[in-house]
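One structure below.
We just call them A, B, C and D in the order they show up, numbering each chain from 1.
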Amino acid sequence: MTDNSWYHGNPLDIDPERIQIRRVIDVNDRFLRDITIGQGGKANGQPRQAGFDIVAASELMAILALAAGRDSLDALKNLRARLGRMVVAFDRQGTPITADDIKAAGAATVIMRETLKPNLMQTIENTPAFIHAGPFGNIAHGNSSILADQIALRVADYVVTESGFGADMGAEKFFNIKCRASGLWPAAAVMVATVRALKSQTGKYKITPGKPLPPELLAENPDDVYAGGANLSKQIANVRRFGVPVVVALNAFPDDKPSEIAAVRAIAKAAGAVDMAVSTVFADGGQGGLELARMVIAAADTGHTSPAFLYPLEASIKQKIHAIATEIYGADDVSFSEQAEQQISTYEAKGFGNLPICMAKTHLSLSHDPALKGAPSGYTFPIREVRASVGAGFIYPLAGTMMTMPGLGATPSAQSIDIDADGNTIGLF
Amino acid sequence: MTDNSWYHGNPLDIDPERIQIRRVIDVNDRFLRDITIGQGGKANGQPRQAGFDIVAASELMAILALAAGRDSLDALKNLRARLGRMVVAFDRQGTPITADDIKAAGAATVIMRETLKPNLMQTIENTPAFIHAGPFGNIAHGNSSILADQIALRVADYVVTESGFGADMGAEKFFNIKCRASGLWPAAAVMVATVRALKSQTGKYKITPGKPLPPELLAENPDDVYAGGANLSKQIANVRRFGVPVVVALNAFPDDKPSEIAAVRAIAKAAGAVDMAVSTVFADGGQGGLELARMVIAAADTGHTSPAFLYPLEASIKQKIHAIATEIYGADDVSFSEQAEQQISTYEAKGFGNLPICMAKTHLSLSHDPALKGAPSGYTFPIREVRASVGAGFIYPLAGTMMTMPGLGATPSAQSIDIDADGNTIGLF
Amino acid sequence: MTDNSWYHGNPLDIDPERIQIRRVIDVNDRFLRDITIGQGGKANGQPRQAGFDIVAASELMAILALAAGRDSLDALKNLRARLGRMVVAFDRQGTPITADDIKAAGAATVIMRETLKPNLMQTIENTPAFIHAGPFGNIAHGNSSILADQIALRVADYVVTESGFGADMGAEKFFNIKCRASGLWPAAAVMVATVRALKSQTGKYKITPGKPLPPELLAENPDDVYAGGANLSKQIANVRRFGVPVVVALNAFPDDKPSEIAAVRAIAKAAGAVDMAVSTVFADGGQGGLELARMVIAAADTGHTSPAFLYPLEASIKQKIHAIATEIYGADDVSFSEQAEQQISTYEAKGFGNLPICMAKTHLSLSHDPALKGAPSGYTFPIREVRASVGAGFIYPLAGTMMTMPGLGATPSAQSIDIDADGNTIGLF
Amino acid sequence: MTDNSWYHGNPLDIDPERIQIRRVIDVNDRFLRDITIGQGGKANGQPRQAGFDIVAASELMAILALAAGRDSLDALKNLRARLGRMVVAFDRQGTPITADDIKAAGAATVIMRETLKPNLMQTIENTPAFIHAGPFGNIAHGNSSILADQIALRVADYVVTESGFGADMGAEKFFNIKCRASGLWPAAAVMVATVRALKSQTGKYKITPGKPLPPELLAENPDDVYAGGANLSKQIANVRRFGVPVVVALNAFPDDKPSEIAAVRAIAKAAGAVDMAVSTVFADGGQGGLELARMVIAAADTGHTSPAFLYPLEASIKQKIHAIATEIYGADDVSFSEQAEQQISTYEAKGFGNLPICMAKTHLSLSHDPALKGAPSGYTFPIREVRASVGAGFIYPLAGTMMTMPGLGATPSAQSIDIDADGNTIGLF
């Protein structure tokens, strides 16, 4: 709709170099990341550099996860309003052009109206679970939908909701973005840890996706757990900062050693966690989570927690970024590129200054730099660019390059998927 | 998968300039017709000119409509085999590379296996109808699926199946491609005509999509019906050529005049049709089709028809094209561009010479030229290019430029779609 | 300058899809034929499909060859005026935008002012020769400059000027375009022929650039000379049509046989040539051209010739094209593509209808089709597209695809060019 | 030649994403900075992202300026050898491919052989001056040619050669790159300063290209001269570091105040300069430079200076970069991007580690950051990317984005260039 408005006489004076919306498609196709569209003559549009993202990286997904209301009609209207506010482009004078301006928000609402309804799934032990919305944790807020939480709260005594991509990303955004939008606040937090992850936070081990773990990582080594534990301590402190009791769930592996598990518990308690439970849910199903469940219930029942946001919305964009970078990530200071400075000025001038911040950074470190392990400090956190998801309702600064369209490997799994002689599907796993 | 194989070391020596498969997406987006993909550095692939088509224009759709078997497993295997034969590229020596060669056909089968099941819909009078598969009539065969026909034949006394895009396109391909693949043969043919269409076949009226019809087209004028009727006569003769009785269904409009309807009947009978029925189904529902239905039943019950193909598969590609162009379209001769000549040589050398022909031409004329109305003759039918849908199982010569991705107008319908204050969807119609 | 005006606010409302001017560069670089420019963000322009031509294919070269005047100042002003009239683009309403509109013509004149001065060279026998301007014969008029002819006429008794790319192209354009612009008219025409070329006009021999000639072409065969001679006869008749006496210069090769040379003379005389001379200039220098020179002087002194153009400028564009195609090329009729029809309408509406025609067609046949040898007749000459070189002062219809940027072979000559141990340049020949 | 080798079967296994050579053309054309070439099908090459630079930014220009020899033949051979060593691409295994590998260096030598001869110009007072070679000071070494210096030294008592783009860039590269290549060493250095430039080094004034200077910059203010003089002091110390006496040439402007000129002299002397001369050459011609000339002669005659390079060639690439950044630019440390690290490893592995360093940075600051004025210290100098000009003979690390193709403004000078009624060129100045 945006390109089409530009094509047909451009009545809104869209600046083609500042179209904000990328096309989305759920394929694994690196060739679509950076493309030139509209070639081959006037009938085919006008040339422009563009690209495709996967759906999870679309602002539409972030909007879906944050849409909420008193009832289903109210939620639908909230969806409609958010879609209408999406900034799809800027005109040549720098004024934002919204989905409402190009008259696309109504149709988008109609297309998405069924997606508002959470999927009710069940675990293999028949416990109900809502699976609803998947906003990318690196560029969006990485949390399940508010609507699913609201529905769950009406039908269950205790609701567990996931906030992904590390507590520095998922939990911080959960509190400052999702809880602000929903008006809900958790009674307790569960922080998942593993022995091997804490060891790897020492920075001593080279871990490559798709390759086996280094064997020395699996040898008994409680000292490494203590050394890498700085990361867990900082994450616990970060969540405690929001006034919520923390239970650490140790996701146990067969080769975890008692000395190492003890080290995790010691770290957790020292950092202010209520306690640590060993979870063997992967191996033992629900039985393996009983200790954890009892601990969480106890923590949740302990007492009342009340919203303690990290920053007020009225703070300037730079102040808000500074608060996250220094208090959550451990940075000393924040630097802003010239481009980021200009974008922040534009957003504040256009009235987007009061939105919360949704940081786009790596999940491989508390900092912006995947190589900085443990609990880094004394560094400057760099903001390269700042974007606005006005429909979702947040500003997202970029501290690095985020990949929003995956690519296939040399031997894609699709190569082994087929039907067998009886017509059964094979090769999916 | 094809681009990915080219990207990861190109083990099959794919010639990137001869990748045959375009990406598909069901949007209305002219900007995607002609694009350059794989830009922005090595991580994003390798630059190549490519484009998107809508799904109906994909060989996958043509395959779905032609897949058939004794039972559902057999049909699934037939789908699998056809997908595997799809030619996705040529290597640098000119050898075809198939979907099986790039190991994509198994996964494609798994993705498409549910699509094999026809959709059972109903009319507003509750008559069951299968809606299944929509291969483009200009570049593919434009017929409903064989599977839906096979299922329908098991549950109904009479099955009506549609073959779209003019009898010169839809019916010819129905007989020579679909009936060959299904082993079925119709008992009768219904040819739909309108008074206004026959008048417009005089070439005297300028009809523009999206504009009102010229008023003089709607004035009583049986002479014009007779003049434009040459088109109907030729179409009836063409279908009679396949040995099937033809009933003409006059799709009546309120402003049709008795003198004009009489003219159509006279033309139909003179051309060898069994009879003509006036259909008012649009206005009167099933009641408006009773005369037609009785006529069709009578024609179908008349006697046995047996396959009379226009050409044997063993004929050369050029002979088969020649047969269609001269016997169905009324051309004197066929010309082949240099490119077409080379492609025909390649296909015959690679063993695709025995496939039937699926002509890609305009539906606005019996010829290749939309300006030639009525029953043109004495012209040379030009073949610009020849492609092969080996999975679907046909060669498709191009006599013109076919548009396989639509574009939005200056005021797309999406602009008026929205929800109202009660959350109801509005603006769809 | 055109792209820059589009980029900086587009005050002239340039339609980027209708920019007429391609960049030029004198390299041999197929990669520059079809490119997308202006990528990489706003600082780098705006994306647009464009391309490079070599300089000979630029309208600037055609302008240089046609610029003329009473004296050098007058010629400079004529150059200035022609440059100013160049149509560099159309605006969105279809109005032509000229080099004067974008204020580029003055600077272009200053850049080109020294090029107005012909290069005075000499043959290896020290005869002076002007080498000046090289407009492509397939898309422009393929003649040396008017200015060089004018200067030569002041200092020599007889001036020979070349008009390249076959008499059907070069001579026709010489008369109808160059002579109209210069006000000069030749006293005689020299038509160059070879025995082997006439044999090849039978269409019996397969000649491939870069490969040795087929040996059977070189065997004595006067019958083939007679058979292929239809081409020479038609070319002589064509030039005679302009009222100018024709002398045929047989460019002799060592393996020409007396019987074959006699055949050429017989054909020439039968077609109305004054006579034929055997030229051995390549082997014998000036001595080898004495017979020819005497014959040409005699013909030139015979009497007065006066302008007899093929068509009046006031004829419609289609009439002028029709005259060339039927009277010079031997076609029965001319067909115009829809695009060509529209362009002709535009040019006539914009006041370019009175320009002469500069046909862009192959030099390998009297017709548009390289495969039609001899003197083809009974065919339709197809016009695919029509362009206007308003600065040069002609309309150029395209009957085929013209290559305006060459490409290197697998072993470019550059590979063998170098310096030797003494610093001498080697490998140039 | 590189693209052509890739196109014709790619016998050297050129990695198209790692072609190092950009095309060059001397136009002012932002649209050519970032382009996609080779589009439109196989005959037109293969798609690839590429771009044009101006000639001054080409490695060929840097090579020309550094080519040298005992005599003209020796210099020609040196040119030939340097051209042959140019790395034009890498293959898929990461091996460098040179101009000799693609057999392009011989032809390039022949094309450039005449450019080896310096242009002898004269000043308006008829003093001879060589103008020869113009390598970009931001990405190359920004110095006049060695050949011109060598010739000048044979014919003059004193030779002044220019090294542009600030002493931190031009002088450092003069000593470490050009003097190493020529074997020459200067007897004295002239450092040019202006009152207004030193004031602007306070960072208090906003100076915008194309806009008038702020009036307050021109008011008498010796304090600002002292404050900004830190820059001059550092530059003098930097040149003194190479063992060469420095004379400061104050390029006087009419509005310079005596108090300010005195401040410059005080700064210069305090920093170790021999003295400062006021130069009014712009206003008074040669007479205005007499004081400066006498001072330079005296300094040059003072005594013997001998090569004192900043770093040995045998140091690692990182050590050499570190030496320049800390000793010349005042940085505390150097950071290397991941890409830079990889490139350095590649170059050292491929044997390019012993080349001198040619830093590509802004000329607006002693640091990499145009906003850091005066003599910045305590910062980290960031290396984003490292390239190799192996033919020219240096490694060039990039500390920022360098523009290598200019663009026209909204009102290009070309718009006012024209001929007048008498044919004279107007509008050049």
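Here is the rule we go by: contacts are C-beta pairs under 8 Å (C-beta built on N, C-alpha and C of every residue); 3 or more make two chains touch, one makes a residue touch a chain.
Computed from a predicted model, the values in this text were never measured in an experiment.
Colleague: To reach chain C from chain B by way of touching chains, what is the minimum number of steps?
Modeller: Tracing touching chains, the least step count from chain B to chain C comes to 2.
Colleague: Report back the single chain whose CA centre is most distant from the CA centre of chain A.
Modeller: C
Colleague: Could you give the separation in Å between the centres of chain A and chain C, each centre being the mean of its C-alpha atoms?
Modeller: One centre to the other, that is 66 Å.
Colleague: Could you work out how far the Cα centre of chain C sits from that of chain D, in whole Å?
Modeller: One centre to the other, that is 46 Å.
Colleague: From the C-alpha centre of chain A to that of chain B, how far is it in Å?
Modeller: From the centre of chain A to the centre of chain B is 46 Å.
Colleague: Quick check on chain C: which residues sit in contact with 2+ other chains?
Modeller: Within chain C, the residues that touch at least two other chains are 36, 39-41, 46, 48-49.
Colleague: Write out all the pairs of touching chains, ordered by chain label.
Modeller: A-B, A-C, B-D, C-D
Colleague: Where on chain B is chain D touching in the complex?
Modeller: Going by the criterion above, the answer is residues 16-17, 36, 39-42, 46-49.
Colleague: Hey, which residues of chain D end up touching chain C in the complex?
Modeller: 1, 3-4, 7-9, 23, 25, 29-41, 43-46, 48-50, 72-73, 76-77, 80, 103-107, 109-110, 113, 407-410, 412, 414-419, 422-423, 425, 427-428
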